[in-house]
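Chain naming follows the written order as A, B, C, D and E, and within any one chain the residues start at number 1.
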Amino acid sequence: MAAPCRKIINQFVKRSLKCFEPRVIPCRWSNTVRNHTVEKHRHSPLSSTRELVNQQDSPSDVMVPREFRFVHPDFLPYPVWNRRDRVREKLEREDMLKRRAVIDIPEFYVGSIMAVTLADKNAPGKQNRFVGICIDRAGHGLYHYFVLRNAIDGQGVEIKYDMYNPLLLKIEVLKLEKRLDPQLYYLRDAPLEYSTFRLDMEPVSVLKGAQVPLNAIKVKMNPRPWCRRWERHNLKGVLPLDDYITEKMKKQKQHPQIEKPWEKHDLMLKARTSIDDREVDQIMTEVYKRKEKIQKEKFQKRGQEGKREVKKAQEVKK
Amino acid sequence: MFVRSMHKCCRVCLKSSTRSNAFSYFIKRQLNTKTARKLTNEEARHKRNEIFNEERARQLAFITRIEKIQVEHKGPPEDCTLIMNKGLSTPFNCAMHIGELLMNRSVLALVNGKPWDMHRPLIEDCELQFLHMKDENPFLSNQAFWRSCSFILGYVLETAFKNDYYVELCSFPVPNVTSGSFVYDADLKLQDWSPSAMELNCLSRVGQSLRFSDFRFERLDIDASVALKMFEENRFKSEQIPQIAGKSETGSSVTVYRMGDHIDITRGPLMGSTGMLSRFSVTAVHRIESPLYGPLSRVQGIAIPMSLKLHYWTYEFLMKRATKLNPAPIPTAFQAKPINETVNKKGKENDN
Amino acid sequence: MAAFCIRSMLLRNLTCQNLISADPTLTSRVLVCHQQVRGRRRTCKPPSWFSKRRVSIKQDITPENAKFIKDVIIETYKKPESPLKDGPWSRGTWTPRTQRTGVLAIKLGMLPQWTKDGKKFITTLLQVLDNHVINYTPPDEFAKSMGWKPYWGSKYGSVVVGALSCEPHLFSKSYNNLFAKAGVPPKRKLTRFLVTPDAAIQPGTPLNVMHFRIGDYVDCSAKTIGHGFQGVMKRWGMKGGPATHGCTKAHRRMGSMGGGRDKAGVWKGKRMPGHMGMDWRIVKGLKIWRIDTKYNVLYVTGYSVPGPTHGYVRVYDTVLKHKREHLIENGNPPPMPTFYPEDGKEPIPEEYLDDELFNFNNESISYATEK
Amino acid sequence: MLGKLFPIPKMNKIAQAGVLVFRGPNACVSAFPIQSFSTSPCLNQIIKLSRMKVVDNSMLGRKAELASKPARVIHIYNKKGVGYLGDKVLVAIMGEKKRAYIVGLRQNQKENVPRFDSNNIVLVEDNGTPTGTRIRVPIPSCLRNREGDFTKILSIATKFV
Amino acid sequence: MNMFRFPVRNTPRKFKKSFGVGSGPAERIKKLQMLVTALIRNERLEAKESYCLETRGYVEQLIQIAIRNGDRHAETMEKADFWLLEKDLVHKLFKVLVPRYQNYSTACTDFHFLPKKVPGSGVQMGILELKGNPWPPVVPRQRDQGHLLTNVLLSSAKAEYRMEKKITPDLRNGDHDKLEQAANT
C-alpha cells in the first residue's frame, strides 16, 4: 500500500518543483536573433546606428495598376518567412531598380516570343542574339531568370538567362502573349513545330493598353518516353494524354500520396509558402513609386540632352 | 567606572516600585550637570519597554471576565461570522481562523469602516474587512506602510549609532507617498555629518534586517502622564505630548506603538509586522532648521513591500529621487497657535 | 596559423560571464572552468555554473509608468557620461603582426553579384548592428585571467565587443555592471577578440562597417545551424544499407566498424550518430566586395558563412598570410584601431564597390567598343 | 538434356525481334512507343556507354543513324570520367573506335549556355581533323574560345547559339 | 515582414491518432475541420494545446480571407464551404465575424494555457477563443494597478522628471521620432 502512495507523492513533488526550474533557452536559437527582434533593434532609440522610419515607404494614395504585380513577379521576395530579411530585400530591390533604369526590361509572360541580345566576346559582332519562346520564368529578386526555347536546324535549343545579368544588352518581345500553363517544359516532348521560330522574326505590334492575348493552343504531345510524367502535371495546354499512358499510370495518378488532396484547402500551407497579398501591395507600391521617379529623371535628362543638341545644332547652323 | 555604576543605579532604580520617578529625577539631574556622562538610547529604550509592559499589564488586568463578540468578516475567501473574545482578539486572530493568505498579506483591517491595526484588540461587535497592498484602491494600506516605514526609520536612527551618540527623535510628518520618500526628523547630535554611501548602506541594512526578524507592531493607548514618563528624556517628545493628548478624544490619552523594543508615539494605524518589508533603504540625511527646536536632521528613506516586485534598475531610479530634500513641513511648535486650531489644522499636518 | 585557430576555439567556448571582470587579477581563478572534458561537449543545456543573466520580473507597473521608465532609460544612455577622465587613448600604428579587433555582425542572407566581365557569384550580407567596445584587457592582465598559462605568453590582450543595445531592466545587475565602464546600454550579445596591444581600443568606442575596407579579407566564425541528434547518413553522409534484399533494420545504419587486425577497435574520432550542427566553424579569407554604409552592410564572398539567417557572426581581419600581403605591399594599412568618423576628411559615400564588381548604375557590359 | 528437364522459357518478344531498346534522343524512333525505362535527368550525364548523336555529315554518322545504332561513349578524356561540353571522348560507332568532341548536352546548363534536346558529338580523326565537312546543328557560342584541335571543329560549324 | 498576427511555427504540428479520426495528413485536416467548425460555432474551444494552436492559424486565415475578399469571391466561398462543416456557419462567418474583425489590427483569436492537473495526465490543455465573444472572460477582470505603492511613486517621479526636463507631455507620449524632430527644429 505504502509504495504506490509514495510514488504518487514523489510524482507530485517532482511536478510541483518543475515549475521552479529555470527555463533553458532552446539551444537552436541561442546564437540567432529572431526576425522581429532584429527589427526592434534596428529602430531602437537606444541603438547608436539607428535606422529612421522612412516616410516615403509608408502607404500612400498612389494607385498601383492591378497588372503591375504580374508584370513584375521578380520583385516578390523569397517566400519562406523565417529566412527573410527586410534590409536584404531592400538592397536587392535597389540593385534591381538600378539595373532596370539602365536596360529596358519589357513586359513579357511565359509563352511570349522574345529575342535576347547578349554580349559575347567570341562572337564576330561581339553580340549574340537568340530568339525563342519563353517557357519558364522563376527565381526571386536578383536570382530571377527566364528560359527561351527554339528549334534551330531541327535541333531543340534552350537557353536560360539571368534577368539582371549585366551581359544582357537588349530584351525584345517579338510577340506578347500568354499560354495556358505556367511552365512550358512539355514542349521538349512535343513535335518541334511547336517550338520553331524564325530567327529573323519581326515583332508583332500590340496596341498599348490592350489586354494581353491568350494563346489557347493545345499541343499534341509525342508518344512516350517523356522527360517528365506529364500525366501527373494537370497540363491545360496539351491535348488529352490518355492514348499515351497505361491503365496503371492512370491509377497511380489518383493515388492520394501523389494527388495529395489535403493540400488543396490547406490555408496555412499557402500562408507559409507564399507572400501575403498585403505585403505584395506594399512592395509593389514602393517599386511603382521608385520606377516612376526614375522615369521622370530619365525624361528630364533626355529633355536636357535634347535641348543641348538643339542648341548645338543651332550653333552649327550659325 | 562611572558608567558602570550608573548602569547599576539604573537597574536598581528600575526595579524599585518608585523607579520611574526616581529615575527621571536622577536623569534630569544628570542631564543638568555639565559633568554628567551621556545618556544612551539603549537605556532609554529599556526604560520605555518596562513602562510599556507595566501599562499593558495594568490595562489587561481590567478584563476579568471574557466576553464574546460577533465579528462579521466580509470579502475573500468568503463572508463569515466569527465569535471572538472582547478586548483580547485582534483582526489578526480572525485572519488566523479564516485563512493563511489573509494572515500573510493583510496590512490593515477595516473595522466598521475604520482602519484598525492588525494587532489591536477588537472591543465590540463589528464588521471586519482586510486590506492589502494590491487592493483596488490601496490608499489606506499605502499610508500605513509609509507611516510604518517612518516608524522603522526612527528605530534605525536609535539603534544604528554608537552609544556615544544620543539620538533624539523629534517627529515625522503625515505620510505622503507622492513625495517619493518617508522622513524622520531627529537631532542626531552630529552637526557636520554628511554620511557616505557606505554609511547610508549600513543604516539601510539595519532596517532591511527587520524583514527577517518579523516584529509585530503593538498598539497601546496610555495616559499622557505615563507617556510623559516614558519620553521624559526626549525633549521634543515631552514637549509634544501635552498637545497630542489635548487633541485626543478623552483629552489625555496618547497612542503609542511598539515594534521589537522600539517605542514611539504615533496616531497609527501601522502595518501588521516588519515581515512585509521587501527593500528598505536610507537614502539621505539633510540638515533643516526648525524655528522652535533648532537644527535638526531630516533622514529620508524609501521602501517597497514584499508583495510588489520592482526591478533593481527602477528601484535605484526611485532611490535617486528619494535623495532630494523632502518638502514635508518642518516640525514647528504646537504652542504657536491655540489648541483648538491645532486640532483642526496642525493635526492634519503633523502626525504626532 | 593553426595555433591561432586552437586558441580562438578555446576562447570562444567560454561564456560571456567569464569575459570581463572588473579586476581580472582578483577574480581570475574563480571564473574559469578547469574541468577536464573528454572530446567536445555535445549538449544543448547550459552548464551548471552558468548563471542566468536574463531576469524576468513581473513588475506590477502600469503601462504609462513602464513607458516612463523606458524614456528614462533612453535619456540616460543618450548622452553617456563623458569618458574623458583618462582622455582618448593614443592610437597604435599598424604592423604586419597587428591583430585588430573584429565586429559582431548579423547574417542577413545571400545575394548574387556580377563581376565586370559578367561572371556571377554569390555574396553573403553581414550587417554590423549597433556594435560597441565594452572592455579592453591588456595582455598581462589577460594572461593572468586565463587561469592557466597561455602558450602565447603575454602577446595578446582581449577586446570585448557587444552588439544590439537593450534596456537594462531585462538583465541582472551583475550583467548590467559590465557595461558601466563603456557607458553604453547593456548589449544582447557579447564576444571577445584577441588583439595585439598596439590595437588597444577604448571601451565605449562604436564600431561599424568602416572598420573594414573594400578588397580586404576577413575571417568569419559563427555557430552552424543546429540539426539535433542525427544518424550517420545525414551527419556524415554514409551510404546506409540496402533498401530490400532481406535487409532488416539496417537501412540507415553505418556498416561494420572496429575490424582490421592491428588497427582493430573503435578509434577515437570514429564517425557515429550524434548531435549535428550548432558548432563553431571558421571560414577564412573572404573578400569584402561591397560596403553599404547606410545600412552598415558588408558583402563578403561565398555562401559558406556558417549559421542561419539572423545568426551572429564574428568578423575579423583574416589570419591567412597570403591574404594580408596586399596590406604590406601597398603600404595601405587598415584604420587603427578602428575607423573614427572624425578622421575622414570627405563625407562618407553611401556605398563602396570593389573595382572588379559590376555597378548596377553602369551601362551593360559590351565588348563591341573593343574593336 | 538440360533443356528437356528444365524447358527454357520463350524469349521476350522484343528480344526476339532483335530491336534494341535504347534511351536517348532518338528514342521515339523505336518501334515500341510505350517504354518502361526511366528517363530521369540523372541519366543525362555523359558517362561510359552513353548514347550520343553524331551531328556532322560524316558517312559513319549517317550510317549509324540509319541503322539506329547510335555512337556509345567508351572513354572520356578527363580525370572525372564524366563528359561535359567541349570534352573529348572515345566512342564506339558501327564497330569502330572513333574520337569525338562533345558539342551539345541534354543536361541543364548554366545561364547563357544553351541546352540541347540531344547529346551531340562531332567525330574527329586521330590527328584531330574532323571526319565530316559540315556540322548540321548549332554549336554553343561559349566553345568559340577553345584552342588547339577544337578550332578545326569550329571552322566546319554552320551556326552558333 | 512577418504578416502573421500570432506566433507561428515553421513547420506544422503532426497530430496523433485521436478520437473520431485516424492519423496522417488527410486525417489531420479532417480533425482541423471539426475544430474550426466548433470554434466558429461556440466561439470558445477547450482542447489540447497543439490542437488549439494549429486551429488558430486556420481560423485566422479563414477570417482574414473572408474580410479581404468578401462573400462574392468564389475561391473564398469554396474555402469557407470546406472548412465549415455546418453550413449555417458560412453565414455567420460573413455576416457576424467579418464585421466584427474588420478593423482589428491584432489577431482575432486568443489563446490561454489551462493549468496542468497534478497528478494527472501530462497533456497540456488550452483554451482558444474568438475575441469579442459573449462568454465571461477567461482571465478575470484585472485590478487597476495605478494606485499601487510602486505606481504612485513612479507617477510622482514622472511628474517631477518631466518638470525638470521641461518637455511638454503630449510630445512625451508620442514616439521618439517626433521628439527628435522637435529637438532638431
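As a working rule, contacts are C-beta pairs under 8 Å (C-beta built on N, C-alpha and C of every residue); 3 or more make two chains touch, one makes a residue touch a chain.
Fair warning: this is a prediction, and the values are worked out from it, not measured in the lab.
Shared contacts of chain A and chain E, meaning chains that touch the two of them, come down to C.
The chain with its Cα centre farthest from the Cα centre of chain C is B. Comparing the centres of all chains, each the average of its CA atoms, the largest separation from chain E belongs to D.
Centroids of chain D and chain E (each the mean of its C-alpha atoms) stand 63 Å apart.
Mean C-alpha positions place chain B and chain D at a centre distance of 106 Å. One simple way to say how far apart two chains are is to compare their mean CA positions; for chain C and chain E this gives 38 Å. Once the centre of each chain is set as its mean CA position, chain B and chain E turn out to be 52 Å apart. Chain contacts: chain C has residues 59-61, 69, 72-74, 120 touching two or more partner chains. In chain D, the positions touching at least two other chains are 111. Taken residue by residue, chain A touches two or more other chains at 35, 45, 82, 84-85, 120-121, 162, 165, 167, whereas all remaining positions touch fewer.
Chains touching one another form the pairs A-C, A-D, A-E, B-C, B-E, C-E.
Only residues 55, 57-61, 69, 72-73, 168-169, 173, 176 of chain C touch chain B when the two sit together in their complex. Across the complex, chain A meets chain C through its residues 22, 24-28, 30-35, 37-38, 41-42, 44-49, 51, 82-85, 87-88, 90-92, 95-96, 98-99, 101-103, 119-121, 125-127, 141-143, 162, 164-169.
Those residues of chain C lying in contact with chain E across their complex are 59-62, 64-65, 68-69, 71-72, 74-75. Across the complex, chain A meets chain E through its residues 8, 11-12, 15-16, 35-36, 39, 45, 52-53, 81-82, 84-86, 256, 260-262, 265-272, 276-279.
Of all residues in chain C, only 44-46, 52, 73-74, 77, 106, 108-109, 111-112, 114, 118, 120, 125, 127-130, 132, 164-167, 184-185, 188-189, 206, 208, 222-223, 226, 228, 278, 292, 295-297, 307-312, 358, 360-368, 370-371 touch chain A in the complex they form.
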